[in-house]
């Protein structure tokens, strides 16, 4: 099984070659690519809007290769609907995948993200997934995406602090990381929450959730609905060289 | 008052110089511009995704001119949130403007659009406007955008037929045109519905609704919320030459 | 364009002749009238119930004059549905108009009113407008309607304080004044909020919102739906001398 | 136990002296009164608006007598909130009482009323009761209130026909009569539905439901909430002679 | 009228012979029975799951006796839907009955229960009753069911404290006891809340609400819907000796 | 990885030894067990209520063996919450798993089940999963569970016919089988729908969805939330020999 991860930022220098190595199951091959035009990180609707065209070009490329499924590596699920219209192989976004996974395990969840300006965007994503009623709050560690790795212990403490507020003030029963760049902190955060009196809090690492959903879809032979994501009428796109997958 | 209309398609040949002439109030100056890169018409999420970057460039251009408000001339409100993050002058989308106007006049509404594949997109737009509970159905005349003007009487009959079904089967109390290209049919449609036993059905022409909302915002000195649409952190966008309005 | 403002209280002595002078656009003529029977101010459902009959008489009167639209000058929108059944010219209420306007500009809003007992009433009004999901809270300055003008600076400070709580605790992205008597404080409140770190918070003055919506409806030739507000069967009303507009 | 029924119409000639005789439990005394000013029947929001002031005067009168609870005999619950602000003894409306009763027995319900223009009004009432999610549809027999008794068998057949449509097309699991004037048809309708393959369909007679709720409230010593229905500030009502119950 | 109360716990020693004596109206005969297999108290979904089979056996027994209605004496309404499928005489649960009663009197309510782990269960029950929008919060006194009677004054103080938080922080307009074992505290709690500035807060004792609803159903000749609770296909239940009521 | 499938019926004779053989991924070991006391099939809330106690005994047994996750093989998810309180290893129900999977792929879904009496039960399950807004309808083939295998072609035709109605009348974008006994028909149904003009309709086989979710949970080291499913207080269960997993 071959899953292509598309990173909708130009910060290829931030992705070590082995960044995704431990995320798939045995037998899953993960390859990744950054986009060529767009922002170095995604922290706003504007950033997303300027990433999607180049991301869709990579989706079209992947569809011509021996790829079984595509994962968009950004918690805003930028361009997910457009990508699903463009190709018929499964395309998965971490926001949708992690919210569905959290809702499978808990009555409610909080999204714990980088900046506190992203609340309305996650509200829209929760609604799109049908799970607006489960989203208790969006909280943030107030660290920009590209600085997430600078002080790991500072990030860890912020995650603990905000998770405790989410559980104790917002009635969250699970935590979803609101940025795929937070990869690697979930297990320890769950343990720290248990030490503070909250056992068995699911902490969802969204890039793992997305890869797992992609693996499941390939294993079960499923893809996105032709009613929700119909193949668009063929037309000319001035300035783009997209080739359509006829669906 | 100067309102800039941005048409997020490349089909400039479809826009006569006087297309918008009768749409503003006395004292309102309307100018328009097409985008340079993207689709010739918008009929899918893919089309929108490939229109937004070029549309945002035009938003940035307008903000440097003597423009008081911007209207995006497409019923999908493509890039509305990103445009509002980018500039602090009012930016208005026809979908949101026409749904709010319909909800001011009626208990419920149906969107009557070009193709029957656009239902999920309008569901998302209704939710974003907070009005999902008022949207009874999305119906279509099954005529592509660029063919809307080919057979006006055929379009008129399809509008009447679908409006009657919306009222009688879906419990719609108002009709919103789901494409700004349907401009000019609202008054006659309302009259035809009255002749068929349904007096006072508001028929909303979305481009008129959007321009009227832009006029109101300028007159009242209001613009979009800095909490919902915060100015994004400044960053590098490879391949784009956007200049930010510092908000 | 001639808009009749109906004030559903008997406190005509509280309305200076020039009170509405600066609220319309160039070319709009505003006239106003108080009701004859009912409360001196509206601060409860009881007050509304005792204002509506006399208000409807004024609606019927206006419909016989050269009036293009009617605005009810009370944030409870008392008798709005009945008035719309009674006449076919546009009738606008400030609650509905200002909630729709706020939702056009922001993800959420708080209503900032006179007394803290009005929460359930505003919940009902938000639902009637289809916007219950956008209303974060109702807050109050705890000053009765007829004392609003006694200490302007005290009112201003209370508005600032409650707006900050609405933004910081209730996640409100816009503020709507919950009493049309608060006219004149919106611009300064927005500026004060910007000074305190919250730029571009839309502050909606409901009487301005209502007049602007009335102007838009007249300009676009729209009125309320005959499906939502059907002309009632003609009948005898003992004790009233209403004459119906045949719709 | 003494329950006062207030009929918010002037059609006293339509109420036989023994009309309510069989509706209370042993030990319940039922007295009734019509209003003095207002419509002869209630079939619109306008009719309600012109009934409430006179209805509230009767509420104030009842509160000075040896009355334990008040029932408003109209399925629109006109003035219910205002009446509850005015007095502290229980005031019950048939719409709210019958929707709560239906929701106690069934997953969903349809309201079967006189005219098909009342749908939006019942939507509002269902929302006010918190039960909008249970209301599947509003259907009508298309017979004006004052003609309901003219042809009993015609009414019965219309009730059967619309109930079958409600069950089979709208997924209604219970039926609520949408007019208190339909009193006396519930038992036979349930039997007719059973004969047509739908056993145990609760058919709710709203005036019975309202009286039963009033009896329960008196028996349990409960009345409406002072938070939802606070006693209003005392004030002058020009043209009315209401005396307040100090709550 | 004969109402059978089924207590779905094995703690028969906790139920004095006169425990229910003052709860019915004149003319109502109340008999009660504990289940034989299951938990001594119900404080979790597990406890409920292990109580229902034995509870249903008692329902089947009651249906063969001269019983007019059944009340399940537990605030989790365990097995209510199954019991209603099993028999056609009315079966009432205190959660549903008390939420409907509270919603008849107040805009919102809080459930005040024994342990703070029961929140998700009450959310489900509120949804099942259609009243999720009215439930503001679940709060607890943190006293296990079987210790509720040990220190009455401690319980009273905890009820006052949590009710004040419910009203002042959660915007609750009524209080429902979240355990039928709290019987007897409602009247004093309401009085204490009035002394602290909150007059007319309905405090609902759920076992009284359930018995009153059962009395109303018998008086009105109503029972649960055959559409919502259809008689199941007859089948073999290994290990059980249920005899069906043919419905 | 070892997954224990618990079949909450006594119809062990209906489960061939190789029934589950092709459902897991390479490396997954699937074992199964029927309950000892309860119904032969589950077609009502009564059937579920009589299955749960024996099902929970099998959950407790599994937790003492080398089992990594438990799947309940019934589309009603009977006892899921109780089982999750009882043990800390993952427990998965097909209803929740398949609704989350469908919502990941489509804007809406219909559940296609055995009997048309199960609608309210699936409404509750959809709400519990947070996905009530995505469930368009419940439809049935009107074949009892234990007869599903008698006439495979008749079942196939009924599935096609009802799926077409779901897509064309109910606006369903995906189909979920509402009975795990329908295993094996999904691929062909999707193909038949494509032949009839509806390409890429996800058809979800719920037992596969449940096993895939269990595999994902084990692979990611996740289990259900301790906030939603807290370990209950230890207590005596008369008539049961459950041993608790201390969680």
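Per-chain residue numbering starts at 1, and chain names A, B, C, D, E and F are given in the order in which the chains are listed.
Following the convention adopted for this analysis, a contact is a pair of C-beta atoms (placed from the backbone, for glycine too) under 8 Å apart; a residue touches a chain by one contact, two chains touch by 3 or more.
None of these values were measured; they are calculated from a predicted model.
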So, comparing C-alpha centroids, which chain is the farthest one from chain D? A
Taking each chain's centre as the mean of its Cα atoms, which chain lies farthest from chain E? B
Cα centroid separation, chain A vs chain F, in Å, comes to 27
Compute the distance, rounded to whole Å, between the mean C-alpha positions of chain B and chain F. 44
So which stretches of chain C touch two or more other chains? 107, 120, 173, 228-229
Pairs of chains in contact (touch as defined earlier), listed by label: A-B, A-C, A-E, A-F, B-C, B-D, B-F, C-D, C-E, D-E, D-F, E-F
Partner chain A, residues of chain B touching it in the complex: 10, 36-41, 43-50, 52-54, 56, 79, 81-82, 85-86, 115, 117, 120-121, 124, 127-128, 144, 228-230, 232-233, 235-240, 242
Given the complex, residues on chain E that touch chain A span 119-120, 123
Could you please specify the touching residues of chain F with respect to chain B in the complex? 107, 171, 173
Any idea which chain E residues touch chain D in the complex? 25-27, 88, 92, 96-97, 100-101, 103-108, 129-131, 133-134, 167, 172-174, 187, 198-202, 204-205, 208-209, 212-213, 215-217, 219-229, 247
